[in-house]
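Here it is, the structure, as structure tokens.
For clarity, chains are labelled A, B, C and D in written order, and residue numbers in each chain start from 1.
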Amino acid sequence: MRRRLYLHLEPTAWPRTGLSPANVAIAVLIVSAALLAILETEDTLRSGAPRFFLFAELLIVLAFSVEYLARLYAAGEDPRYRGLWGRLRYMRTWWAIIDLLAILPFLVTMGAQNTFLLRLLKLLRLLRLSRLGRFSRAWAAISEAIHLRRFELMLSFAAAGMLLILSSACLYLVEGGAQPEAFGSIPRALWWSVATLTTVGYGDVTPITAPGRILAGITALAGIGLIALPTGVLASAFSDALRRQAAQDRSGPPGE
Amino acid sequence: MRRRLYLHLEPTAWPRTGLSPANVAIAVLIVSAALLAILETEDTLRSGAPRFFLFAELLIVLAFSVEYLARLYAAGEDPRYRGLWGRLRYMRTWWAIIDLLAILPFLVTMGAQNTFLLRLLKLLRLLRLSRLGRFSRAWAAISEAIHLRRFELMLSFAAAGMLLILSSACLYLVEGGAQPEAFGSIPRALWWSVATLTTVGYGDVTPITAPGRILAGITALAGIGLIALPTGVLASAFSDALRRQAAQDRSGPPGE
Amino acid sequence: MRRRLYLHLEPTAWPRTGLSPANVAIAVLIVSAALLAILETEDTLRSGAPRFFLFAELLIVLAFSVEYLARLYAAGEDPRYRGLWGRLRYMRTWWAIIDLLAILPFLVTMGAQNTFLLRLLKLLRLLRLSRLGRFSRAWAAISEAIHLRRFELMLSFAAAGMLLILSSACLYLVEGGAQPEAFGSIPRALWWSVATLTTVGYGDVTPITAPGRILAGITALAGIGLIALPTGVLASAFSDALRRQAAQDRSGPPGE
Amino acid sequence: MRRRLYLHLEPTAWPRTGLSPANVAIAVLIVSAALLAILETEDTLRSGAPRFFLFAELLIVLAFSVEYLARLYAAGEDPRYRGLWGRLRYMRTWWAIIDLLAILPFLVTMGAQNTFLLRLLKLLRLLRLSRLGRFSRAWAAISEAIHLRRFELMLSFAAAGMLLILSSACLYLVEGGAQPEAFGSIPRALWWSVATLTTVGYGDVTPITAPGRILAGITALAGIGLIALPTGVLASAFSDALRRQAAQDRSGPPGE
């Protein structure tokens, strides 16, 4: 019986492709809990249906508590977590602590305490979704590609930082006199600069003098380079990670 | 005669490269009908020339009805749709239903009923354009590339979702007090967050406090990564799909 | 003497790498003329220094006339354009017509007529810069890559068009009632839609209802895909064009 | 002793991977000095804690002076800079001049003179960070990729320039009458044009007439191509630079 529970709860142990029904249900539950935590912050919703939120909260904590106990019991199938000491070792793993943090505050305070920080803790459970099924392989591919070119990526962000400071300094010089509120210092000009270089362009602050606009245009064009650089680095990193994986699959037996 | 009709109407049966004259005419008709359906929604145009719209509508429905009957008749060339039962089977195919939906409402109501939903149905016909000629090969290349890296793409969208929630929660915390209308809850802050992370940047809502602006700047920079990630994934996926296709063309006889 | 003139004027005939001094001077002149034509449209500049603009105009027309006659004379070096009939054939070439259009209006009207359309004609000369030196090779690489994947690129633009219409129709449905001025018809909603999907985001029109904002958020996220798709296609096309060129350089003798 | 100083100060001489403790401290110092120079421009901060800024300034100049003298002394380890004349030769190197510029103004004026231009000089030191450790290898990869495709990149920027002028001229023609302040000349329309083509989209100036909006929509869509082109070029350039590097590593002994 514990064996079956382990197979259904542990994603890597599930013999078939995809997710076990239990993990699908838990994923749905995690997303629902996160959605609830988000909607809870809106007062008009919260005061409109206080009973619904309390009831849903209770249900979710109950479900997560059952899941936590079930995982704790099933962990005995893994030789590392066998016995009482093994269970304590399991409880100290990263994921088990996240699981516990999502239910402990509510249990300890008997539901009376439900501040914002506790609500944010629930959002942490969303992280667990990345462990599920085939996403773990995709996650590995992405993180390998990023890791492979981390210095190039860091360098493009450093170049972005330099550009930010440079364009802020320029605008501060030529536009600071006309609009002291928005461009009166480099930290102030940075707000405009970051909005322009990332091509967000809020438009709450824009240069009005001719030299300011010319420099702003150059900044905006440089922003394209700022987007093209990390994108190009990542694209080549993915191609490379892919080719390497394909070469591995060909030479050795498939690893999955 | 039915054979010639079939060759002219069925894109895959046309012996020469490109589209048959009949299909070019139908493509032009579909685009015109869509354009008409779009312009119809503008009252100043509709009330300015009511006769033109009614006449054009009649013409288009007539042309589509003729096309539908011609396709139904020509379908007999395909062994699957031979005979009366075959025709009924043809009428139940996906494309035949779309074709029928575009003319049925007008015919049933005798043109009296022409509500918005019926107009939207006409836009559905635009989908058929994707089947035509060489686009089907390009379409296959794009959808293969997307399918190949669907998990990486879903993961980048999941990462985008996490970033959206994270930045909304941060701005809600630091900016909620100063601007309760725009940042008073996570769902409210999401509006700002999605506009910033996608680098749209409407500027109708912007943080005004110093910590809010610093977090907004970090969010905007993270938005570059959000764009770079799926772009990089897609670029490598296209390269890979291309190489595979080239390898296939080399080993076997050209398929086109 | 005609031989030397031909070597200096015809970019492909210049024996050394780079541009001949004469072509460098002409390139500078073309850019100056374009800059002048742009600045001329600004009334405050034009009425502030009318003599400068007239004088510069005269100088440029003179220089272009000399260049035109010199090219006409030097064209005789090319066997195709030898003799009087050959010169007439040269005058009918695409570039010679553009060259003539840039000076003819001023000469015919004796400088009296200088309307906007004539000014735009001068900007046409900018096109000639693409023929110069090594840019022609880079130009060939870019146009080959675009040509190679023209159907995929057209399809991504078609997908962009479908998305534009779809999001306009959605916003028209949910937001049309609240803001009839901006979302009262699909053509009106298209203005908002194109600004959002291309991530420009002017912010002059934004949805204010909750369902409108949810759909706008989805549209903005879809806009990332809209940018990622053609970028990915182009990136893989460049890689492919490059590889092909490298393979060609290896097998045959270097062509440059 | 001079030998040890040299090993700790010269990044390429450090025998272990990563940075020496001395260079980590200097990097932190450079970033702090830059941060200080940025914050100094904000009057509310400067007048709020004048003593802090003066004290921090003194400390930084002192530290940089010590570093400069230490580097000058340690430079003797390099055969090129041995002896008095060698030291003078070292002082004329690019980096030594930047190092000197960061401290000289303060020393000469005894801290009395601290104008904006002097503050900007301090930001120059940020450039030195690019020399450190493994970043130099990433820097080489990025600059090689950009250099490899410099003509294609220049051409995409030239195409961007042509698009900018073209869309400005169009909007000037159709929108100039309705909004003379914003579109009354090509230079004025350029401000809108650069904000639209780079997808920044401030929204301070937007077309209001129907033909103006249609042209603006086309411009915004062209802006996607403007971003896709250099990104695609860079992505393929990185892939190529990478493949070349991998081929080199395979054939010869690893170079790092």
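In the analysis below, a residue touches a chain if its C-beta (ideal position, glycine included) is under 8 Å from a C-beta of that chain, and two chains touch if they have at least 3 such contacts.
Being a predicted model, the structure only gives us computed values, none of them experimental.
For the self-contact between subunit C and subunit D, the two sides draw on mostly distinct residue numbers; the shared fraction is below half. Between subunit A and subunit B the centroid-to-centroid distance comes to 29 Å (mean Cα coordinates, whole Å). Multi-chain contact residues of subunit B (touching two or more other chains) are listed as 190, 199-203, 227, 231-233, 235-236, 239. If you sketch which chains touch which, every chain touches every other chain without exception.
Those residues of subunit B whose C-beta lies close enough to touch subunit A in the complex are 151-152, 154-156, 158, 162, 165, 168-169, 172-173, 184-188, 190, 196, 199-203, 206, 213, 216-217, 220-221, 223-225, 227-229, 231-233, 235-236, 239-240.
Interface residues of subunit C facing subunit A in the complex, by the touch rule stated above, are 199-203, 231-232, 235, 239.
Of all residues in subunit B, only 34, 38-39, 41-43, 116, 120, 123, 126, 129-130, 134-135, 137-139, 141-142, 145, 157, 160, 190-191, 194-195, 198-204, 226-227, 230-231, 233-239, 242 touch subunit C in the complex they form.
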